[in-house]
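Scrolling down, you'll hit the structures one after another.
Both complexes below contain chain A, partnered by chain B and then by chain C.
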Partner chain A sequence: MIGALGQVGVLAALAGAILLVFEGLRGVDARPEGFRRGTRALVGGAVGAMLALELGLLSDDFSIAYIANNSATTTPLVFKVASAWAALEGSIVLWGLVLAGFTWLVHRSYAHRPDRLAEGALAVLGAVAVFFFGVMATIANPFEVCTQIAGASCVASSPWPWASAVAVADGLGPNPLLQNHLLMAVHPPMLYIGYVGLTVPYAYAMSALVLRQPGIEWARRTKHWTLITWTFLTLGILLGAWWSYEVLGWGGYWAWDPVENASLLPWLAATAFIHSSFVQMRRGMLQAWNFVLVISAFSLTILGTFLTRSGTIASVHSFTQSAIGPALLAFLAVVLVASFAVFALRADHVAQSPRLESLFSREGAFLANNLLLTVIAFVVLAGTLFPLFVEAFGDQTVGISRPFFDRFTVPLGLTLILAMGVGPLMPYRVARPAVVWERLRSPVRWGLAAGAAAVLGGLREAWPIITITLAGFVASAIVRHLIVSARKTVGSRHDRLGPAIVGVLRSDHGFWGGQIAHLGVLILAVGIATTGGLSATTTVLLERGESASLAGYDFTYRAGFSRQEPNRDVLGARIEVQREGDFVAIVEPRANVYATQRVPTPGVLSRPSGDLYFTIIRIGGDAVTMDVWWFPYQWMVWLGGLVVVLGGAWSTVMRAATRERVHA
Partner chain B sequence: MRNKLFVVPALGALLVIGAYLMWSGLADNTLYYLFPDEAVAQRADFPDGEVFRLAGIVVPGSVTDDGILRFEVTDGTESISVSSTRTPPELFQDDISVLLEGAWAGDEFVATQIIVRHDEQYRAPDGYEDES
Partner chain C sequence: MRDRVRATVSAAVTLALAGIVVWGIAADAPSDAERLEDLSARIACPVCEGSPIGASPSTYARDMQDLVAEQIAAGATDDEILRFFSDRYGPGIILDASGAWVLWAAPAVLAAAGVWLAAGRRRPSETP
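== the complex of A and B ==
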């Protein structure tokens, strides 16, 4: 019953999506009510499908194959809800729902004027929705009826709701890795909002090309969409890194895993687009380039989905093999060919950019930013796809190991940070060296002072020293800029510097949101450098009462413990941590034994100077074997990431606030 | 811009250098995944100390541990002796699928990393939880 409802939802959404495409194809004859009906059907159907899936999960309806294989009666409530996106078919329902939500927002902004740019965008969104709901209706149907069971799992299913259903007794439960931490309930939706949101600028860009309306209108309209989307994407990636650190227990937060790369690639393209669209809006430059970036960002999300959802690359995210791989690959090919064909056909309508007067200017800095982000994206893409090519053209299975990514991204990233400090201080058109130097002088001194302080503090590794120097330079450039801007308003609009600073941050929220994000990147960069360059690790075997030490901390295995929870058994070690004889804390790394496998939960002791991180390798009787890591200033990674998100949110929220004041 | 004649070859040269660096970077950091039969057949390509990953099944009854863990992995056709000073993960046992990272040392594969591979359908044997 619930399954049938879900199927109806999927079909309704598919019908709505098709209607949007048809209405768009009518061109000048398109009717606003057609778009309204299409959007309503798409949104209603998508919401219905998701509701049906959640209802089925919450009521343990194991006659639905997906639910039998991905949820269990013993699964805790929050993970039942999250099971809706814990495996392939369900995750596409979430994708479809987010896409429908964005379509609804675009339709709201369309406001029923004869607004052909928005009409075209709605049609493109519809076309993308046709693919995803088409997949849901056919090869990855989340509502298939379970027709045969073997043991605890459902092994055969039928797409016809009237097929005679059999149900397992308890359900298999979600993949243990995915029910080990609450983050699993939040990370995918955030990431999907970021991923799917990139469809909106893409849709507007294609609409602008087809309607021969290049220029700045589409960039102006999509600016805020891109920013909101980018903020969620950043948050999604950050939560993914945190999950990796807190759950996987391999001792780190970023492994250049293909799946991580898949989320980073669209982020790099979107970041480049946010920067270059400023140049387009301000100076009319880089118009063609911006089309390329937007098409790339969208294509990279499809590529990422292919990599993570097709089982081509083995990882925690790749679900079992299914027919969706080839379908996604075909869709990617269609998107790439169609987009670049339209781009080529309309090339003569894309206005010739005004000339770049000097590389030594704000535009030049934006260009450097885009070049660096593009090169980083290329490196990551090459490292991610190379194993696939080797496998496709040879018989070997290979992987690309971490040093490849580090070797390229570290120097490129630091150069990017340098540009981040110099760029915002340069005027548009042509910068006079004397003016720029005047603005740079004190930040350069602060940067050198920061580097010198690090060396005096005992730091000897090159990369962390360089990173700290650059971060000190850029941070003081940002702070200096803020104070100089605020001082100008003291006396006229504000009495004191404090309120003046807040005033500046609020009035030019777009620019300062960006600067806040830059500050976050600096904190993040220092965190990456210290956790990567100065970490220490050891493997210890401790009998009860025995101690070992790392990075000035002594830790003692006090006792093992075990407890039974409904969905798992927990085995843990109680570790007492001391520093110079003083008690610091008890840390409890655990091994969680699920029905299907065993998942470690690391024990993490976070202190201002760094994280002490314990993972159990084996535990039995009176002894425990653990990997122990020391990550100096790990909190900077999380704080930096959050500040980046805050920067994006600041621009968005303050913009909304300003608009309300204007309209009030 | 003034020096268009100069910019094009400079960009070209940068591209070539970049492509070369990237290619050599990829080649240097390629980690091969081999099954025992491939590892034996390609022994000459992987001299002692050259790191690669070896995937196979632990031969039942081959595991000994006297401070140094020793066992054999097989893919059904060839089997290779493995030694390691690493503590194996808990699920490590006879007949289980493992992924090893390490290098040849003579006739032996010295593993620096032992990962037990379990697919999603894997079920722990009964009584496993009693171990603690």
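== the complex of A and C ==
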């Protein structure tokens, strides 16, 4: 019954999506009524499908194959809800829902005015939705009826709702990795909003090309939408890193895993576009390049979905394998060929950019930023795909992991940070070296002071010293710029410096949102450098009462404990941490034993100077074997990431507030 | 006069700070333990699905780590140690893909092309 409801939802959404495409193809004869109906059907159908899936999960309807295999009566409530995106078929329902939501927002954003650019974008959004809801209706149907069971799982299913259903008794439950931490309920939706949201800039790009309107209006709207989705994408990646740190217990937050790379690639392309769109809006330059970036960002999300959801790459994220792999690959090929064909057909209409007057200018700095981001993206893409190609077409395997990525991204990233300090201080068109040096002098000194302070504090590691020096330089450049701008308004618009600073941050929110994000990147970079360059690790075997030490902390294995929970058995170790003889805390790393798999939950002691991180390798009898890590200033990674998100949110929210004031 | 003194002092301070930073960077000589950690991240464990020997708890990986430590103690350079392992197990064992020169050359070519394109965008002052 619930399954049939879900199927109706999927079909209604598919019909709505087809209607949007059909209406778009009518060109000048398109009727607003058609777009409204199409959007309504798409949104209603997508919401209905998701509701049906959640209803089925919450009511343990194991006659639906997906629910039998990905949820269980013993699954805690929040993970039942999250099971909707715990495996392939369900995650595509979430994808479709987010896409429908963005379609609704685009439709609402132009509502009652005739707006061919937005109508064209709706048609493109519809075309993408046709693919995803088409997949749901055929090869990855989340509502298939279970027709045969073996043991605890459903092994055969039928798409016909009237097929005679059999149901397992308790359900298999979600993958243990996915029911081990609350973040699993939050990380995927955030990431999907960011990921799927990049369809909107792409839809506007295609619409602008087809309608021959590649001007300022396209760039303005696309930047706005990109910024919103970029903020969510950043948050999603950050939450994913946090999940990896808190759940996987391998001792880190970023492993250059192919699927992590899959989320980073569109982020890099979107970041590059947000920067280069400024150049188009201010100087009318880089039009063609901006189209390439937006098309690339969207294509990379499809590539990322393919990598994550086809099981092509064996990694912690590739939980699934099915016929969807070839379908996604074909869709990616269609997107690439169609997009660049349209781009080539309209090349005459993409304006010839005015030429750059000098590389030593704001435009030059933006170009440097784009070049660096593109090269980083290329390195990440090559490092991710190269092993696949070698494996597919060669007779040997090639291993690519952290050392390869680090060797490129660390120097490129630090150069990017240098450009981040210099760029915003450069005037447009042509910069006079004397003027730029005048603005740079004091930040350079502050940067060197920060680096020297670190060295005098005992730091002798090259990359962290360089990172701290550069971060000090850029941070003081940003703060100096802010104070100088605020002082100009003291006396005229504001009495004191405090309100003047807030006033400046609010008035040019696009620029200052960017600068806030830059500050976040600096904090993040220092965190990455200290946790990577100054970490320490050891593996210990402790009998009860025995102690070991790391990074000035002594820790003692006090006792083991175990408890039974409905969905798992928990084994844990009680570790007492001391510093110089003083009690600090009790840490409890655990090993959670699920029906199918053992998943560690690391015990983390977070202090201002760093994190002490315990993972159980083996526990039994009166002894425990653990990996122990020391990550100096780990909090800077999380804080930095949050400040980057805050910067994106500042630009978006302040823009909305300003528009409301203007319209009121 | 006072300005000259101030400029001189501030230049001297800047130089001194720069000196300290450069000295700190130059003083970064990796210890044997750091080299072992670094190399252990770059050599794959052949029996555990491509994860580096530093991250694998298997006996095989631990034995290989001991071998690396021995060679470091014997005074071998990083390159010599990596070559020792790639000769024995094939180039795939080295995780930074240093054998795959395409992968190393491509980003450099891309960067060079980008710089060339950007420089070409500059308007030569004599053309209208």
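Observations on the structure shown:
Keep in mind that, in the parts below, the second predicted complex is superposed on the first by the 659 of 664 C-alpha atoms of A that agree within 3 Å, B and C clash if a C-alpha of one lies under 4 Å from a C-alpha of the other, contacts with A are read in each partner's own complex, and residues count from 1 in each chain.
Simple rule for what comes next: contacts are C-beta pairs under 8 Å (C-beta built on N, C-alpha and C of every residue); 3 or more make two chains touch, one makes a residue touch a chain.
Since the model is a prediction, treat every value here as computed from it, not as a measurement.
Partners chain B and chain C, once the complexes are superposed on chain A, run into each other and clash.
Look at A:Ala591: by the touch rule set out above, it reaches chain B but stays clear of chain C. Within the superposed three-chain model, A:Thr469 lies in touch with chain C and out of touch with chain B [touch as defined at top].
When the two complexes are overlaid on their common chain A, residue A:Val379 makes contact with chain B and with chain C alike. By the touch criterion stated above, A:Val28 is placed in contact with neither chain B nor chain C. Once the two complexes are overlaid on the shared chain, A:Leu356 sits against chain B and chain C alike. Look at A:Leu541: by the touch rule set out above, it reaches chain B but stays clear of chain C.
Judged by the touch definition given at the top, the superposed model places A:Ala392 against neither chain B nor chain C.
In the superposition on chain A, A:Gly620 makes contact with chain B only, not with chain C.
Looking at the shared chain after the overlay, A:Ile400 reaches both chain B and chain C. Chain B is struck by only one stretch of chain C after the chain A overlay, and of the options 1-9, 55-63 or 73-81 that stretch is 55-63. Overlap of the chain B and chain C contact sets on chain A: residues 355-356, 375, 378-379, 382-383, 386, 390, 396-404, 407-408, 539, 617. On chain A, the positions that touch chain C within their shared complex are 250, 314, 353, 355-359, 364, 367-368, 371, 374-375, 378-379, 382-383, 386, 390, 396-404, 407-408, 444-445, 448-449, 451-452, 454-456, 459-462, 465-466, 469, 539, 617.
On chain A, the positions that touch chain B within their shared complex are 153, 175, 320, 355-356, 375, 378-379, 382-383, 386, 390, 396-404, 407-408, 539, 541, 560, 562, 569, 571, 591, 593, 595-598, 617-621, 625. Contact residues on chain B toward chain A in their complex (touch as defined above): 1, 18, 21-22, 25-26, 28-34, 53, 86-91, 118, 120-124, 128-129, 131-132.
By the touch rule above, chain C contacts chain A in their complex via residues 10, 13-14, 16-18, 20-21, 23-25, 27-28, 41-42, 44, 49-52, 55, 57, 90-97, 99-100, 103, 106-107, 110-111, 114-115, 118-119, 121-123.
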